[in-house]
Amino acid sequence: MPAIGRRLWAIAEGYIPGESTGPEPAMTSHETICMLNAGETDAQVRITLYFTDRDPVGPYRVTVPAKRTMHLRFNELQDPEPVPRDTDYASLIESDQPIVCQHTRLDSRQAELGLITTIAYSE
Amino acid sequence: MPAIGRRLWAIAEGYIPGESTGPEPAMTSHETICMLNAGETDAQVRITLYFTDRDPVGPYRVTVPAKRTMHLRFNELQDPEPVPRDTDYASLIESDQPIVCQHTRLDSRQAELGLITTIAYSE
Amino acid sequence: MPAIGRRLWAIAEGYIPGESTGPEPAMTSHETICMLNAGETDAQVRITLYFTDRDPVGPYRVTVPAKRTMHLRFNELQDPEPVPRDTDYASLIESDQPIVCQHTRLDSRQAELGLITTIAYSE
Amino acid sequence: MPAIGRRLWAIAEGYIPGESTGPEPAMTSHETICMLNAGETDAQVRITLYFTDRDPVGPYRVTVPAKRTMHLRFNELQDPEPVPRDTDYASLIESDQPIVCQHTRLDSRQAELGLITTIAYSE
């Protein structure tokens, strides 16, 4: 299988609504980074969050195993601190192996579903 | 007509909800890879699926004819095995000819429609 | 103002639902190519449509004037022929000047709105 | 932290609906540019708007501080003039430092939410 991806990614959009509607947990409002590590080596990933009016927080550390995907909800990040709700943020993802990142948001503040996705920015 | 596209694409997001609402089949929850082969030669395409906690599955094989588009629903992939519902996955698309890939998801778990799209990652 | 953009773009996703809900015309289901010509010269643009099981159709010809944007609805293309409804298609956009293309779909088949966008593929 | 981003971005899609539903201001229809400045130097940003049938307007000027993100609503731009509602536009973003731009639209014209995002075009 060919190696694919980059080691540095950014997602400029980030916002977890404080309220949700619908059955838990599938329909809880959430933001997700979908990461694919198609390579042969586990990827050590560091995530840093940026805010509007305070210093960056991080790194949050996760491992994406070789030949696996991880769909990580920002809601679940706890260390060094939970991601604040109702707050604009952005994220930077650094990996020691090539990975592919995609960003998805499910917004269930209203009964009507908002669902967005985009490929992250890489260089 | 100019050749356009790449031979290697990745979609890090993937999830087929187990439930749908609305008339079948147009409104069945589905994930689609839209592929365009604008060239003069049929493209032999191999799709591999990656999961969170088990080995990759594939390749699934399809042919995108010359000067045609194919909008392939992951729901319909059967060989080597159907794509599991309610399960996170990612996909890698390899083609022997340049193609363009775009990813679309229709989420009709709730009556309200969720519809997302993004250009896939290529290199 | 700096020149920005490319001369060749592709949108692999394309589908105009045959039904709509909501007030006309803002809420009619539609697919749009948003084109930006930030340069000093009018851009002559040729659009070709690709289908699943028949030959490509086109070119459709439009001019995007210098320092203007054009948000073109596929619904409104008539020459050489209207775009069929309820049919998968893809599109190739060729311009003689650098432009930027973005793809948006409003899906109002159900009362609930589906709205998607992505940057087109360029090379 | 590594520098990441580009100095020139374009968003070809732009449209602020004149009507909204739902609680203000979170659910007011809006278009947002999410900008991330992960670098060590404040970024001076100039935004120019392009229209269908009149000359470009701008520049609008904002500063994205070092190590911060700014999620800027087009609704709030006032100088040199407010962004017209119910009008197609496109935008060009020039920065004197590398930044990452992402575009999000919340469409609440109908009770059902429309939410879109895409990475902007850069070069």
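Per-chain numbering from 1; labels A, B, C and D assigned in written order.
The definition used in the following text is that a residue touches a chain if its C-beta (ideal position, glycine included) is under 8 Å from a C-beta of that chain, and two chains touch if they have at least 3 such contacts.
Keep in mind it's a predicted model, so treat the numbers as computed, not measured.
A.B. asks: Call it same or different for chain A and chain B: same when shared residue numbers make up over half of all numbers used at their interface.
C.D. replies: Since fewer than half of the residue numbers are used by both chains, the interface counts as different.
A.B. asks: Tell me which chain's centre, taken as the mean of its C-alpha atoms, is farthest from chain C.
C.D. replies: When every chain centre is compared against chain C, the largest gap points to A.
A.B. asks: If you average the CA atoms of chain B and of chain D, how far apart do the two points sit, in angstrom?
C.D. replies: Measuring from centre to centre gives 30 Å for this pair.
A.B. asks: I'd like to verify one number: the distance from the centre of chain B to the centre of chain C, where each centre is the average of its C-alpha atoms, in whole angstrom.
C.D. replies: It comes to 21 Å between the two C-alpha centres.
A.B. asks: Mind pulling the residue numbers of chain A that touch at least two other chains?
C.D. replies: Touching at least two other chains: 112-119.
A.B. asks: Could you list, by residue number, the parts of chain B that touch chain A in their complex?
C.D. replies: 8, 10-15, 17, 48, 50-53, 55-56, 88-90, 92, 94, 103, 105, 107, 109-110, 112-121, 123
A.B. asks: Tell me, which parts of chain C touch chain D in their complex?
C.D. replies: Contact set of chain C toward chain D: 1-2, 4-5, 22, 26-27, 32, 34-36, 38, 67-71, 100-102, 104, 106, 111-119, 122.
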